[in-house]
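Next up, some structures in structure tokens.
The same subunit A turns up in both complexes below, where it pairs with subunit B and then with subunit C.
Up next is the complex of A and B:
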């Protein structure tokens, strides 16, 4: 028993959706620039305001994504070492490279590695950055000081990424000597954060 | 040798546990926008009709899946239809058991060629059968927000 379908006047989508001309204000997709380059995008430009004011129909989803990342053999042992206040590395039998973070095979020689060595908790700044934005994109006034630190006892250029602390950001330089500041033994949990930061020697 | 190390118990496997905050806003799109706004404002269900094969898509689409025609002919379909299929859901999206099982049905609205998935209400699983007549129960107009939840559920009607 089909009812007769009635035609509904089609209203232009422009009335309900944002006009393309206004979408040029969208900082992400600069449509003005696109016009200059003679590019044409299909679709409807939307700004965050359109979402906030409910101009378009949306479905909100808040995810709860839990994960378990397998630490593996080499990193597992490395993290156990950190818990004991040691920085562990490995040495390749063939090329003799002393590597940190440790790995189970040498990517140069394709040889399995089982020669574990203990490294020092001092090192040299290889490169660094003053970071005014956190990992989840929040602005901070005091910069975070990520740096790659070449660890003493490992081969040249072998190092880990960590944070610097107890230092004036202006005085950081490549080649600066630093030492690890560990968490108290009871607070260590076998994580890279068992080292709080590295301070200048 | 490191490569040959073997775990014999699951508890020996060490893992790093974490959580990722994930949030999304999914837009209804051009056709979805029309569909939801029409329900919100007039309580009317719209479908999009293909000029080539006459298929009426409900919910509407902007192109025909069969012959890739652009669809901009919107037609009104009935708020009642027939129940194509149904199921009783006991487990929620989070994997946990629901306090009350939910009835979900595939509904072919009169005038539409395709079917819509929605909840079924004012009924029990024993009363349901395929081909049964069902009608939409909408939220009061003031409470509608242009979302699929503006339709509360479909309830069986006597035909």
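Up next is the complex of A and C:
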């Protein structure tokens, strides 16, 4: 072992880096030596007070960015379905998967899909959470109840993300059977929020 | 496969909640330290591979260009890679193929993140990762994803929160020995179970903090590595893989994409029995259950077996297969891309025996680092060895 180290060391003195002049200006060879030379990890932490009390100079900018997304071909049709109180899916004729959210191509088979099917508005809770913070980290007392819901009529494991409601948070469990609670027909606008939430059956 | 590629130097900044340094300055500090650590200068570097996560945090579009000067990219081939949280480990793969191809001899890999600029809280920036038509109207929070996945994992294997909290305890305590750790503090399982519930089953101390920081590595081909150092750490394998973005249609209990990435890297590294051929692992741990999830994906244990391994102490620093000896994201901090690269830097120091107080006594010869990201769907894996 010792011999090996020695050997490498001798090679090192013989051979040089491609541009020796610059390299030899810098004596730090490894971290142990770096320690001797007192090389420190850099980085200066500030507290939120440093910002609030103006201890550091800050520049503020309020971004006002607006977007308008078209709904696409598959999701467009899905949203039209929601407006009519239906959950639409698609079936790939090659792999046979019945999918939701719908898409115009099967990402597994990479083939076009045009076989639309109507799914049921009932399903099973695949997983859920009781969330006490909003999307921008405001605290809330009553938890939001996001869940992945496997939709009846689609292939096993095919689900969507949505919210649960009309339920005691303590009683929610994986495997719970749920049904969509729709907005009244007049209020539906062709959006995922046309389903208000899902309640236990 | 390709020319051999070595890591010969590493540097990093402290991870802090709010850095006074700008992103460019953080990049410079990490890059300079990495160069100094192997006695090299910028004019010996042929190319720069930069990794940094969403522009949204900084409010700077084309952040790669903004950071370029601090990364030492002036007058060099330069590219920013971005695969969300997986960026830190992926950028090593990017540096690797520059050199493995023979096109380039030396390369800096540098990853930076400054999350603190976004107001009022960086969390809100994550809203934009969700589907704008089918998900965003429900006002989702990034925590939902983790809470939903964690709950599914716990339900499938009948796990208790106490079992999972052991990961946070281990990593946060490991970080006590890391000079770059953001908030080094010893915690117990009880502390974690009593911390604020954010999105059940996720509690405050199950989560890594948001951070600012940068990490850099110097990669070279074999000839130069032999001249620069007597302790090169070889990149033996790289792998990455992507799962479908229809995340509500997939198995939330097992990260198949991590397994695919690991198989790619292991094949290249001739690792056939990861549980015994890997001596130290740095799986991605932004949340405590994620480490367990990823250990299973990395095939360091069977499906559902990671919690028991943790309970048995196998993953402790003095155990048979230490995981996150650095302290991980849970302990050191989570400046997204930089956190992933920190994992590879930790393996570099561990394999060279330079990890100081964090040094694993059992002289590890081979380690694996892994990160995860994009729309909760990418696995990136690097295997290094001496």
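Annotations for the structure displayed:
Please note the rule applied: the second predicted complex is superposed on the first by the 158 of 201 C-alpha atoms of A that agree within 3 Å, B and C clash if a C-alpha of one lies under 4 Å from a C-alpha of the other, contacts with A are read in each partner's own complex, and residues count from 1 in each chain.
By our rule, a residue touches a chain if its C-beta (ideal position, glycine included) is under 8 Å from a C-beta of that chain, and two chains touch if they have at least 3 such contacts.
It should be emphasised that the depicted structure is a prediction, and the values quoted were computed from it without experimental measurement.
Shared-chain residue A:112: touches subunit B; no touch with subunit C. Contacts of A:46 after superposition on the shared chain: both subunit B and subunit C are touched. Of the two partner chains placed by the overlay, subunit B and subunit C both lie in contact with A:71. Once chain A of one complex is fitted onto chain A of the other, the partner contacts of A:56 extend to both subunit B and subunit C. In the superposition on chain A, A:133 makes contact with subunit C only, not with subunit B. Once chain A of one complex is fitted onto chain A of the other, the partner contacts of A:201 are absent, as it touches neither subunit B nor subunit C. Of the two partner chains placed by superposition, only subunit C is touched by A:99; subunit B is not. Of the two partner chains, subunit C is the only one touched by A:193; subunit B is not.
After superposition on the shared chain, subunit A has more residues touched by C, the comparison being subunit B against subunit C. The intersection of subunit A residues touching subunit B with those touching subunit C, taken from the two complexes, comprises 5, 8, 11, 16-17, 44, 46, 51, 56, 60-61, 63, 67, 69, 71, 79, 136, 191. Those residues of subunit A whose C-beta lies close enough to touch subunit C in the complex are 5, 8-9, 11-12, 15-19, 22-23, 25-32, 34, 39, 41-48, 50-51, 56, 60-61, 63, 67, 69, 71-72, 75, 78-79, 99-101, 103, 107, 126-137, 143-144, 146-148, 157-163, 174, 191-193.
Here subunit C touches subunit A in the complex through residues 12-21, 26, 29-30, 33, 36-41, 43-44, 59, 119-121, 123-124, 127, 132-135, 137-141, 143-144, 147-149, 151-152, 155, 179-180, 182, 196-202, 212-213, 224, 226-231, 244, 246, 248-252, 349, 354, going by the rule given at the top. Those residues of subunit A that touch subunit B in the complex are listed here as 1-3, 5-8, 10-11, 13, 16-17, 44, 46, 51, 54, 56-71, 73-74, 76, 79, 104-105, 112-114, 136, 191. Across the interface of their complex, subunit A is touched by residues 1-3, 5, 13-28, 30, 32-34, 36-38, 44, 46, 49, 56, 72-78, 94, 110-111, 145-148, 159 of subunit B.
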